[in-house]
Structures are given as structure tokens and as C-alpha cells.
Amino acid sequence: MCSRKYVPSNDTGLTRRNFIKTTGVVAIGTAIAGHIPTIFAQQKKPLRIGASISLTGKYARSGEEQHKGYMLWAKHVNELGHSYGKADLPNSGEPGLLGRPVELIVLDDRSDPTTGVRLYNELIHSRQVDLLLGPYSSAVTNAVAPIIENAQIPTPNPMASSTAIWEGRNLQWQVQVQPPGSRRLPGLTQVAMEHGDEKIAIIYEDSEFPRNAAKALRARAKEDGLQIVLDTAYPVKITDWTPIVQQVMNSGATVLAGGGYLPDAIGITRATRSLGYQPNILSLLVGVALPDYRDTLGKAALTVTGDADWTPNVNYPGAQKYVEAYRSEYGGVPEYHSAGGYGAAQILEEAVRRAGTVDDFEKIRDIMFELKTTTVFNLYEVAPLDSPDSGLQLAANRVMLQVQEADGKLENAVVYPDEAANAQWIYPFQ
Amino acid sequence: MSTRRERADSSVHGGGSSWVAWLSWLGVAIFAVYVAFMLAAPWLVNRGTLSLLYLVLYFVLLAASWNLMSGFTGYINFAHVAFIGVGMYASAIAIADLGAPWFLAVALGGCVAAAYAAVLSVPLLRIKGPYFTITTLAVAEGTRVIMSSAFMEPLTRAGSGIPLFVQIGFETKYFAMLALVVAVVVVTYVLANSRIGLRLLSIREDERAAENLGVNTTRLKIGAFVLSAFFAGLGGGLHAMYLSYIDPFNAFHIKYTVIPIIMTFFGGIGTVLGPVLGGTVLELFNDYIWAHVLRLNLATFGVVLVALILFMPQGLLEWLKDRGFLPKTRRI
Amino acid sequence: MMQAPVFEARAVTKSFASLRAVDDCSFAVEKGAIVGLIGPNGAGKTTLFDIASGATRLDSGQIVFRGEDISALKPHQRALKGLGRTFQLTRVFPKMTLMENMFVASPGDHRLHERAREYLELVNLVDRRHEYASDLSYGQQKLLELARILMLDPELILLDEPAAGVNPTLLKSLLAFIHELRDTWGKTFLIIEHNMNLVMGHCDKVVVMSAGSVIAEGSGEEIQANEEVLEAYFGKSTHPLGRAGHGA
Amino acid sequence: MDHPLQLLANGLVVGAIYSLVAVGLSLVFGVMRVINIAHGDFAMLGAYVAFFAWDWLGLSPLVSLLPAMAILFLFGAGLQRLVIERVVGRPLLASLMLTFGLSLIIWNSSQVAFTTKLRGISYLTEPVTFLGVTMSQSYIVGFVLALILTGALFAFLKFTAPGKAIRATSQNQDVALACGIDVRRARTLAFGIGAALAAAAGTLISMTGFIYPYMGFEYLAKTFTIVVLGGLGSVAGALVAAFAYGLLESFGTAMLSPRIAPALPFVLLIAIMIFRPSGLFGTSVADR
């Protein structure tokens, strides 16, 4: 339905430049984040890859990490001709992607879907980037999805865990890289049941992703025969979790699960500690995996469990080299948002290399949808193009982490599933 | 000369000297050129730039609709985003649940927002000054909380949000937004040149004196408030289709109150073209800075805002009028 | 020529917290009269004006205008019935032109421009009709206020301290204007004023308030001879509010 | 309703922190008729001072509280002198826009300077139980400190000459001027004190919650509601309303639901606005 009458393939000449001159303010900027080493000869036209990421506002913390992942990937491709763990792909010998230097064009969407939509339009039609990478967050990804569909550019989305973006929508150009929100907190209900817990409380932030996670958790709790004694959303933007945790305490639950993002994880842990509440399992979304969580809470974080899309000690191909590279580039230990960014870019890299071209979008798209691979971030396989949920992530999985003490330092130990575990699940919560 | 003078007198805004009466058509001319450019834009610029122009129009609409209430009556309304958001929701629900055609959904957005404003006006318009401002701020927050509360969940889906795939072309949305902008500017122009407009202004100038001169301030305020909300709701209803995903956090984000106010302030509060000018210039500027000042773009905007308040307190239009670049007339 | 009262305050009472600002206050203003309302500061005069014009609700009693109880009406309804008022400190619309100031006041469109110009001519401001009201001097703003009230075609005009802050020349033309309005147009005036010369020289009747009550009523001479009034003004009274001030 | 005492305690502790932010905002409004949108950012800056004092120097937040307050006092007073003083007496919107601009500058720069990392101080986290009420020591210490500081503010306003000058300016600037009070100084002082109190709140938040550059805005929305509930410009009103807000959150969550409790303060606000348009303790600024 959408008319493509004005899509610019050949109207880019004088008219546009004239308009820019007359208004005088329209941004036609220089690349912001590309690291183009001098090894490239001048005649090679850079391959421009665009993305909008939340660098300010509500999602800035995570968006920034995702951005680092993108930048590191571009750097490695430009220097080595491939990213870590992808050395065996076609054309990996020469620097760049298919011999062309990668130039990242990253813009700040201010955590705002309206701006995100505007920026993808800008990237596609005004800046005429060659390829796209996804934004941060389910909300922005959801808003820009129709733009990318209309523009018909293959795009991997690193950090949108909401399944609603893909389910039943038969998207043709976008794939999910992150494990879907429905597979959150793996093993939680099983471990609880094995230890004889009966009552679980599920509390979650009232936004798309935590609701999604809670829905799946609810189903699994029922399946495993746990009694849900409290099941409630709480509004976004709250600053004090004490009243809600008090409710959980009053409900007699021995398992507390849920939360939302990093602030929720910290807030709920603080409130639990403050009230002296002692459930057998305290298991929270997102936050536990992030270094900020342990740094903020110190010993109060001990034995809290949480899930992770990724941990710095995974043994996916190239992952350890990636951790090292991140450490030397930015300092500190990477967390999953940056690995996700890196991993999503690797999907694009692999699809392009296998297609052997950057111009045939359909070929790249078909490969991207059929690809089964492993990135530094996770496993990758999506629902096929003809499925109603096309593009939905099928293979990526999560592990369960627990904050444990080793040599006087707090660390995230992998405690579930058994094949990935490097430590015992300390039960009960202390 | 004297006939010109008569003509100046015969309008309610009182005009000024004769050349002013003649020059006051300048505003109409400027706006006509503006609209003509916007109409031609889809054939002149690419889709990326067009999406910028769409946002310019969206913010002009928000600013101009805010101006209808607050610019005229001086009641500084910080609940504007509540009407935008309610309009978005009404329109999104109409499309997602009732399968309404897009233009009906937009109209519904306007009507629901207007009705909401009518209900709110009962407690709100008793309050004056800073109390009104802060209470409306609380009303906007409260609306967000209520829209995502358990009561409203069956209708609004609370935090899950409403995904929308509306099969209309981008140009259609663009032209619809342009039509709304033209409508709100025409309404403002007519109002500014009418007795009703003068009475609204008298509320801003001195409400008690206006009452004692027989002005039914309550009725006028409610009227302006409802009209302002109506256009905000239309804008929100249309913008829902641009976003294709509505959730309470973003639908009721306070920046959609504050940014239009800054734009109106910059252009000139209570003027006809102030919101158009302010919305256009500031949105283009805003668009420029995220591209050039990646991490400090909001601080840059802040610096400009502070400078503006300190050095151009009356807004751009009044500043130009004071320096004689524009006639002192309410038609611009 | 005194006629039936156009305005009556009947047992009007108003308290703010524990203070009785107006206490069982009754008096009448006859049609075509210029009535002065005097009393020490804090006597409740302006509160009474606020009650009469509808800005303040009374606790008990009645405000009767042209034989009708208007106590429950809103300010704009009273104005449209023909009860106009000015304020102690002028309340013109500063960022509106004089003409625009005039237009706000008129209930209908009938001869709008002619009338506005006519009244501005009466107060000698017609040449400045396209200027902002804020450009006028304070005294001129008072004249504008008065001219503006006329757009309502009021029966009764309440003037709150018309002489305060007005220079002698302007004051003269203001007074002449008031008399002209009364004599040729038949308007009625109720005037709060501290300038005793003005009150005694121009008012047909004087009402004296003290501590919220009417303590005397009569012609200028009668009032000047009234013991109670002297007490109220010069502090011989035992009433605590009586000491609050004295005359002009 | 289970454990009413615990709910009461929870509400009071949160209310105490809100009160530190709200009291300053109300004080500033009273003296200057300026609604300071950047007020929440002062809390953020104070929180970062405390955090870095703890992280780099190992200072307890109870010790760094005073330097944090002092630094923010100077910052606030300087900002007032240089910028905000220039919109005093201008229409409300001018000061709203100005302080919004300042807020953008402060938090966006803070984001670049401090990074977006969430931080917090892990200090006195052990819970203690008293009368069936269990609570972290940090919460209790925070509560007591908040009470001491608001108490000190009241004493300052009531008994000292500069405090009286601030009160006089708040009640009637013209009269204050006529009495020979340096109104400008009173305004600067009040603004500095407001910023210092916000910094104290920020320090306490760094102990009981977590801090990040954008946090000021989250607290501000609540604080606005509190300040209007209490009556703009009324310091005592802000204090009472802050505790009412905390208790409403605590009891509302327990007795109704977490999905409804956050709406309660707004409902209360509208109700109060209908019956008392100038807030609980408000004097008539409504006509301004």
C-alpha cells in the first residue's frame, strides 16, 4: 500500500541539495563513530552502516553499551577483515567487509520512539546508508519496524526481546538476535520445585518486556505446580520498591521473581534487604547480569539470582577474545548489551559475506533468515520467512547467574543449566 | 488616507496606523508561502527530509494548539501531553479493536481528548497562576498512571502497549498533518481577530477586570481549553500511526508538553504565527544538533533555551515587532 | 432629584476567618445620585465593593440592584445587568490597545466602534486609541477604566478611590466627567474616596463605615457634624479598629 | 491490612526523603516565585558528590553529607546570582523555561562526566528490628538525618536574622524591602539552602537507593505534587504533604494495589484543588 513514489534512488541531485541550502540547517553530517584505519586506500568507497541508539534518556545506560559493541565490531572488521570468531567466512582475508571499510553512522534517538522513526527515515533516505543495524529497546524497535519493512533493508535487531514485534506479523526484513522475553529466568521454577518451595510471588514493571517475561514465568510456575500467591505489575518510574516488597513478604511467598530493568533489580534487592525479608530464592530480570548491580549493592547482592543473555565467561567462538578487546578498548568487563550489539553486527557480516554482495538485499535477507550460526553473543536461528512469526529468535538461550563470593570478590557464577554451570546454585538465598 | 484609517478601525484588533493595516496581511502572505512550500515538499525532497518536515509540522501543531489555550488566556497548561496521549490511545484503539478507517480514528482522537478536557476543566479552571500550572503537570502524570492502571487495562492494554500497522502511505500522513496545521492556524487567526479572541486575551491581561466588564471568563476558558485539547488529540491520533506502537511511557512523556511550550515561547506566545515560526525553527535546530553534537545535544539545546529566555524574553515575533521589522498587529 | 434606590445593601455580612470585615451593613443609593462611601482604612469599604460586584461572596444579607436580588449572580452577570466598577489600583489590559480595551467591555456589537471612540473622546484619549494601555500615565489609565465601563452602558458605577494617584489637572477633568455622566446621561455613582474635599464637594450623600458597619449616613454637612464619625476618624472610639487611620 | 506499624514506618522513611527535596522547592518558590525545574538535579549532583567521596576517599556518606551540602549550596547560590535572579519578577513561564534549560544542561553534562552507570553506596545495609518493624540501618539513619535537617531549617527560619529575612521576603517582598531587608541576598540564600537540602536528599538516596544522571527528573514529578498539595511557598505544608505522600504510597500499595496506589496522590491533589484551591497550607498566591 505504501507508495514508494518519493523514495530516493534518483532524486538525490540538485533538488535535495538546493533544499538543504535554503533551509540551511538540515543535517548532512560527517560520520560520527567510524574508525577507518589508514590501511584502506582512498579509492575504496566506505560501506556505510546506520543505526539509531539511545545515547541519552531513559535507556542511555544500555544503549551506550550496545553502541560500544557496534563500534568494536566495525573496528575489528576494518583491521582484521573479520570479527572475532568469524575468520572462516568468505573474503575474511582482506580488511573491511567485502574489501570495503565499514563506516558506522550512529545517531542518538534520546530513548524516544518518535525520534527513532525520524532517524531511520533519515538514515535510509537522506544519508542513504548501505546497510542498517537495529536500535536499542523493544519500544523503539517496535516503532521503527514498519519503516524498515517499507524500505526493504535486511536488519538484525540486537536488543529487542519483546516477542510481540515478530509474533503474527510476518516481518520480511528484520530478525531478532536477543533471546525472546518469554524464555526469561530459566530453571527458576524447576529449582524451586526440587527444593520443595510452594509459593511464588511475581512482581514486574508495567511495560512490554517485563510483562512478557512475567507471562512466561506464570505459565512455567503453574506447570511446575507452584502456587502464585502474588502476581502484580507496578508502574514504571517508581523510585521506592519497599511497599511492593512488603506486599510480597506479607503474601508468604518463599520465591520472589520478576522486576524489570537494572533499576528495578537494585531497588527490589535494597527493599528486600531493608525489610529483612528472607525468601528461599530471589530472582530478578536483567539487572543481576550487569556489573552496576554488584558495584552498587556490594554484599547485599550475594546469592541473588538472575538471568543473562550472555556472560563474559561463555565459550562461544571468539567470545573470550571479544572480552579482552573490550577490556583494552574501554576498560572493565563488557556486559550483554555490548556483546549483543557485536553479535547482531556479526549476523549482518556473515549474511553479507555469504551473499558476496552488499547490493542484493533480497539475497542478504534470505541468507539472514536461513542462517544457523553462533556469534560471540549467542546461538542464532530465526523462524523462516514463510512462518507467521518470521524473524523470531529460536535458538538463543539464557543462563541463570548467581552473585557469589570468590576470593573476597563478588562474581556472577553460572548456576543453570547444568551443562553451562561453573558453580553450584546456593540455596536458600542468604 | 482617511479611508485606510477607517478600515484599520473597523477591525476589532484596532490595528494601528494605516500602513500597519496594509502590512498586517504580511502574516497571511508568509503563512501562504509556508504552506505552499510544505505542499510541494514531497516532490522536492527525499523521504528522509520529508520525515523531518513531518515532525516539524507535528510540533507546530502541538505548539499552536497549546497556544490556543495558554497563549490567549495566560493559563500555562502543562497537561497538554495528556490530551495528545489520550488522542493517540483513542485513535489506536479505534484502529486496532474496531477496525475504524484512519481518518475516523483521528477524528475520534480529537473528540475524546476534547471530552476529557471538558471533564477536567471543572476542577482545573477554578485554579489560577502557578497552582494551575503545577496541577496540570500532576494531571498529566496522573493520566499516564491511570491509563496504565488495572482499571483501564482491558481498553489500553496498560504497559503492553498497542502495536499498529496502518496501511496508509507516509505522504498521506504528511498531508493530513499539514491539513491539521493549516486548520489550527486558521482557527487561531480568526480567533485573534474576533471579539471572542479579545475577551480571551483580557483573561490573560487581568481576569478580574474582565469579569467585571461582563466577560464570562469561565465559559471562555473552558471553550479554549476544549478547543486546544481537540487539536492536540487530533495530532496525537494521527501521530499514533507514524509511531505504529503506543505505550503509556512514551505517549505521555512530558517532553511533548515542554517542547511545544518552548517553541511557542520562542516564536511568541499569543501570536498567530509564533508557534509556526518557533516550531519550525526549533525543530530544525533540534534535528541539526543531534547530528552534530552526539552526546551533548540536549545540553546544547538547554544553552540555547537559557540564552533565549535571558535575551529574547518576548519571543522572536515580538522582538521583531519591537524593532520595527514587523508591524505591531495581532494578525501575525 | 432623588428617586427610588437603584442599589441597596441589605444587612450584608462577611467574615474572613475571625475578622468581621463587613458587619450587618445596610444602605441605599438612589438613582442619579453621587454617593460617597468613606471610613478609616480597614473599615470594609473595598470588601463591600467586592461583594457588590460579585468578586467576593457574602455570608448573609442581600445585594439588591434595580429591585432584584443579585447576591447569587457571578461578576460578569452583574456587569451585564448594568453594574460597573473600577479598582483601587487600575486594572486596564496593559498589552491591548485602548480600542481593544473598550471592545472587551461591550456586550453587543451595536455601534461598537462609534461608541468606543465617542467615550474615548469624552476622556480626551481618542488620539491614543491605537496605543497599548500600558503606555498611558496612571491617571490616564483611570480615565480609560472609566470610559471602558461606559461600554457596558451601566446604570450604576462603583468607583474605588478615583482620586488616588491622579494629578490635580487630570483630577479636575475626571470630576467634570463624572458630573457630566450623571447630569446628561443619568448615571449613578458610588464612590470610595479618602479625599474629603472631593467627597464633601461633590457627593449628594455620604455613607460612613467603620469596623465593617455603617455608622452614619447623610449629606456632607450632617456627616461633618456627626460625633460618632469624628470618633471613628480621630481615635477617641474604644473600638480597636477605630484607631486604624484617619481620613485623607 | 498486615503490619500497620511496618507500613507506617515505610511511608515515613520515604516521606522524609521526599520532604528534603520538597521543602527546598517550596522555600524557593516562596521567596522568588520561581518554580525550579532543575531542583531535582541538585539532588543528583549532591548524590554524586557523596558517591565519589565514598568511592575515591572512602568517606562515609554521613561524613560527606556536609561537604555535599556545602558544595551544592555554593553551586545553587552561584546559579541563582548569575542566571535565575534575572527572571525574578518575570512571568512564571520564563522561570519554568529557564530552569528547564538549566536542567537539560546539568543532567546531560553529568551524563557525559559521570557516565550513565547506575551507582549507589553500600553502607549500613544490615536490617534491625524494633517493635516488629524491620528496616535497614541506612533507612533509619536517613530518616533521622532528614528530620534533623528539616528541623534545623525551621529553627534557622524562625530564630536567626537571615532566616527571618527569608520569611519576610516570602510573605511580602515590598514590606521586606521597606524594612531594610536585602531581598536579593535573601533570595540567594534561600536558593542555596534549597540546593543544599536537595543535596542532602541525594546523599540519602545514594545510601538507600541508587543514583544516575537522569534521577532528578524522576523525583521532581513527585515533588511538584507534594509542593502543590502542601501549598506553594509553604515550607510546613511541603513537609506535611511529603509525609502524606509517603504514607499514601505505602498504605495504598498494601490496601489497594501497586497499580492503583500511584494514582492516589493525584486524586487527592484534584480533590484538594476543588475544595482548597491554594493547597493545604497555602496562602492566597492563587490570584497572582
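As written, the chains take the letters A, B, C and D, and residue 1 is the first residue of each chain.
Note that in this section contacts are C-beta pairs under 8 Å (C-beta built on N, C-alpha and C of every residue); 3 or more make two chains touch, one makes a residue touch a chain.
These are the chains along with the protein names UniProt gives them: A = Branched-chain amino acid transport system substrate-binding protein; B = Amino acid/amide ABC transporter membrane protein 2, HAAT family; C = Branched-chain amino acid transport system ATP-binding protein; D = Amino acid/amide ABC transporter membrane protein 1, HAAT family.
Source: prediction; values computed, not measured.
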Innermost chain, where centres are averages of C-alpha coordinates: B
Interface with more contacting C-beta pairs, comparing A-D to A-B: A-B
Whole-Å separation of chain centres (CA-atom averages), chain A against chain B: 37
Geometric centre distance via CA averages, chain C-chain B, whole Å: 41
Distance between the centres, which are taken as Cα means, of chain D and chain B, whole angstrom: 32
Residues of chain B whose C-beta touches two or more other chains: 145, 148, 158, 208, 295, 297-298
Contacts with two or more other chains, residues of chain C listed in rising order: none
Multi-chain contact residues (two or more partners), chain A: 56, 58, 206, 233, 235, 237
Each pair of chains that touches, named by its two labels: A-B, A-D, B-C, B-D
Chain B - residues contacting chain A, complex: 42-52, 55, 145, 148, 158-161, 163, 165, 167-171, 239, 242-245, 247-250, 253, 255, 284-285, 287-288, 290-292, 294-295, 297-298
Residues of chain C that touch chain B when the two form their complex: 53-55, 74-76, 79-80, 84-85, 87, 91-100, 103-105, 107, 109, 112-113, 117, 129-130, 148-149, 151-152
Chain A residues within the chain B interface of the complex: 1-3, 5-8, 11-12, 15-16, 19-20, 23, 25-27, 29, 32, 55-56, 58, 106-108, 110, 112-115, 117-119, 121-127, 139, 142-143, 145-146, 150, 164-165, 169, 205-208, 210-212, 233, 235-237
Touching residues (chain side chain A, partner chain D) in the complex: 56-58, 60-61, 64, 203, 206, 232-235, 237-240, 242-244, 246-247, 250, 262-263, 266-267, 270, 273-276, 292-293, 295-300
In the complex with chain D, residue positions of chain B that touch it: 76, 123-124, 126-131, 133-135, 137-139, 141-142, 145-146, 148-151, 158, 208, 254, 258, 261-262, 265, 269, 295-299, 301-306, 308-310, 313
